[in-house]
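Questions regarding the structure given below will be posed in turn.
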């Protein structure tokens, strides 16, 4: 018998999205599944800010999925020769990739040599799939191809942790993995005061002393935010994503600064990993949610998942600014948190 | 209307747990909620290994929850004087903590000074709660107390990211946060060959070249594993935990080495954050699951959540060894993955 | 025949030091040995700022030297038992340390367990020695003592890289190693304009977008500065220190913010590793330099090296603010750099 | 009056270098300037190993110098547009670079967007100069060019810490900076026993439990070695290099494993920053040393500094294997250290 974990889900918003090029706007509500009920009103408050501020823009900077295979040469000298040659044979590698899928396309190859061990990191366009399986299948074939082409190479594994899947790293932010999206909005001073109950100056100071400086003393890595992981988890669960990818997703950064009297506030999310097809997407409630988000448009290959990633970034923006605002005021965090939780303690 | 995200859940195991002190054993099955169906048979394979190997031992090394407040002094000189004095006033701080909860008890205070900004990191025993709310409430009062006692201090925030909640850091592993648990088992060579279809030598080599070396080239931080995050997410969802804590949970390490002809294999999880009471635990399916796990024993304060953490670590052990074994063999990963997914693509 | 590398050395300053407690001031000039001649005028400019600003205060936050031994138990369960027992036997460990030196005194023990491997990190007061040899000698004896006391332990090594000597880490900043010193000064707006040719606002903005944000995108670790390493190297070479310790020394942070119209500017250096006795200090020019710095006072055990560390931090402050100021202005960096190098290209 | 810090210098070796392609060998002695006298005999022992093992091969994997400028756009959307366009205008950027030097040539551009702040990281071939000044001069012009071409951009600074100069980072290892060199050698078992007084098995075990595992618990970043920084510092000082670059230089990795009964041992140094011309090279003793190293060959542009980098890597190999060997044996480290220091305590 198949059982289910029933994670409470609410729709939040609408968030006002503004297209970066055309400046046209649209309202989008987003589903959040979480055991932490205060997340809903908090994100809702951020959504209100976007509406009053004239809209938030989410820009997709980069988009591909990665997998790194690991091989071993007899010497570093041989490893170096092979790595250089592989960069000249990208068309061959692309052909191998093409044989494994109708969608996957090789975008680039990054290499690392550690002693005589070789890490080959393949970046693939995987259309509207998050791409875990597509890159693994492609990597499997690329691994075989490499072993055949270069008899000096020895098999180690189809995954060498230079990918990097569901683990902390610097490489995912620097070389890219998943969708790199930045959501930004200028919050007028009066909206800050009336909705967020704080000033732009206080948010900027808190951001610097908590997200930037606090992160540095904590020995964080490419991370400067309050709680990106909360919104990512709730959004991923509600849309059938592999939510373990919030690990790399959490490695994102807020940038907040004064713009005149107003507040420039953005969230940079280098590693959003989402898809509109594949694993987890066959559940009815997932399909419904993706539909409502406008991410199931036909003949729109690659754009459905990009839109989904933009919705993720917008949601993170809303939840992040709301929590930071609350943390600028002594006692507010606890008061709102407890009020919410009491009102949501409904047994299920 | 309250909606739910229905995440498919299966029971895996039983895992054979062996008590480190008494060497007595018991069988425990664990619930895993995930959209990634291959996780179930994979973890099941690891559970079979524990049964054939005579049992796995999970040791709790440390257990407390943390929150860091952030304050500012007029100078670093003043900040230093205050931080030193606070260490001599721990009984006063403990009293403040005690007024906020019947359970929370101050265990230690760690401090950092960055310029004139002060980060006070409080570690609290929070009994069977994961403790997010308990530490936040205590921190709120400690913050007020500090501001009252030291007029030179200025309020910045109740959370200064030196905590560190749901974000990557080094401090959580070094100073501790949540439950630090190590699960270990010696896998006889023949069990490795028959169940895992590989040799101890191959697992050790893969661990070194993927988890250790691959992690290093990827610029990882206190992380050396293949996919701890997968098991953590599924277990946390099935037991009503705040699953965003898989971010710090993912920062754990495998240690694998030959012991004679056999394989010593362990997983070190410095930051398991789980509770048996509090947020998320009022759902009926959650209470049922905790009950079946033996984590709802009366008059057992503090031990229920420790047992739960041991179950988490044991589960991670099972899923980790199984995937690593699969990755030692060319092609096995894809074959088993696709077979599983096809058989589980039941619409819901 | 003994040869020498002749590294050009100049005295820079005087820097105006202000005592944090008494507020009394004194002028101190510092020797810098470097092949990079622009460092002298740049640091000199910073020194001028301290004189015009009424003095800089350098506060010693913490002071001890560390070494970690590495051992192995038969199981994590046994490792845990031993680590907990060791914390109750600190007097015994202190006695072992005391037998190895007239000066070394055990301050604390931090432990980590990774699988069944144990890292014991001893922190020792080493008086006026930087303490590399003192801690190694003590660690050697502690290692033997542990092996004798706990037959379950196996020898791995006297140094387990949890120390951490001359390598990048998070642990040195979080748990401490060497002298943690913060140098700070409020720079009046007019001094900023007249001497540094820039505004407080520009320095703060550059600090945020370069040191904090730039460091984060670069995947740095507990680092937020422009060039601490330059001043550390030159000072260490001029005073006979083991200059390879600039590696951990480089992991320090600037904090700059507006204070009214003026600029609060500080440098936090958690890992200054210097001594006034021991290796390298028998060279005549080194003794002369230490004498001139006021760090060879008799009957002053422990204070000579603390004063030396304060001079280091003050020097770093001067060089850092000067470079940051230059980098706020387009083209200034190159112009001043080339002018200096031309005028210093004297063959030797 | 110009003074000098006189750092004791000795020649070590000869090291037996083996060409990776032709397999021909040559003997090279190297100068090491250091206050830490035990470094000489230790490195000498490693050099003896290379001679008995038939030679060490040092392979240059990559070679360029980097500088990152930092600019700001009005929005992330605009930043993204500009960054994408710049990648299509590399010939224009290369022309700007070409106008600033006869040697500098643009190799690639890497970009990061953080909010609306842009980091442009330029990688330049700088011939035989280490290239600090060349890249700064080029960056200065590129900055002006960008500001002129894109009126939406605002000047922040010529250096944005995504370079990364003399600071800890992950980006330098992942994208490259300076010369990436791997030195490797197979050490026959009997040489290990007779010269290093230990077994291949012991060195491998120590490497795993100290360099790899110890580094991970310490929260290190792309670092797995015992003391690369010591050899780098001594070599850099003896050859007129900017020795503050040992900070990034220290972020390198040992790879040691059994090869049959023998020991494969390599050092991977992704960030060696050395030159044979430029700052510091006009000192007579420096020119003499470079001459003796065979790095002052006429009409050999680019190859002199590559050879120098190979010598650096070979020296690091020698010092590293010797210390690791000593640390496998209880008590050996202290005995050899103290014996050496006593015999070298000659006043100067």
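Here the chain labels run A, B, C and D in written order, and each chain numbers its own residues starting at 1.
Throughout what follows, a residue touches a chain if its C-beta (ideal position, glycine included) is under 8 Å from a C-beta of that chain, and two chains touch if they have at least 3 such contacts.
Keep in mind the model is a prediction, meaning the values are calculated, not measured.
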Comparing A-C with A-D, the one with more C-beta contacts is A-D
If chain centres are mean C-alpha positions, then the most distant from chain A is chain C
Dist(centroid_CA(chain C), centroid_CA(chain D)) in Å evaluates to 22
Distance in whole angstrom between the CA centres of chain A and chain D is 34
Going by residue number, chain C touches two or more other chains at 112, 114-115, 117, 170-171, 174, 213, 215-217, 219, 221-223, 253, 255
As the complex stands, chain B meets chain C at residues 20-21, 57, 59, 61, 75-77, 80, 83, 112-117, 170-171, 174-175, 182, 184, 219, 221-222, 253-255, 264, 266, 268
In the complex, chain B touches chain D at residues 170, 173-174, 208, 212-213, 215-217, 219, 221-224, 253, 255, 257
In their shared complex, chain C is touched by residues of chain D numbered 2-10, 31, 33, 35-36, 68, 70, 72, 112, 114-115, 117, 119, 133, 136-137, 140, 143-144, 155-172, 174, 205-206, 209-211, 213-223, 225-230, 232-233, 237-238, 240-244, 246-247, 250-251, 279-280, 282-285, 327-328, 330-331, 333-334, 337-338, 341, 345-348
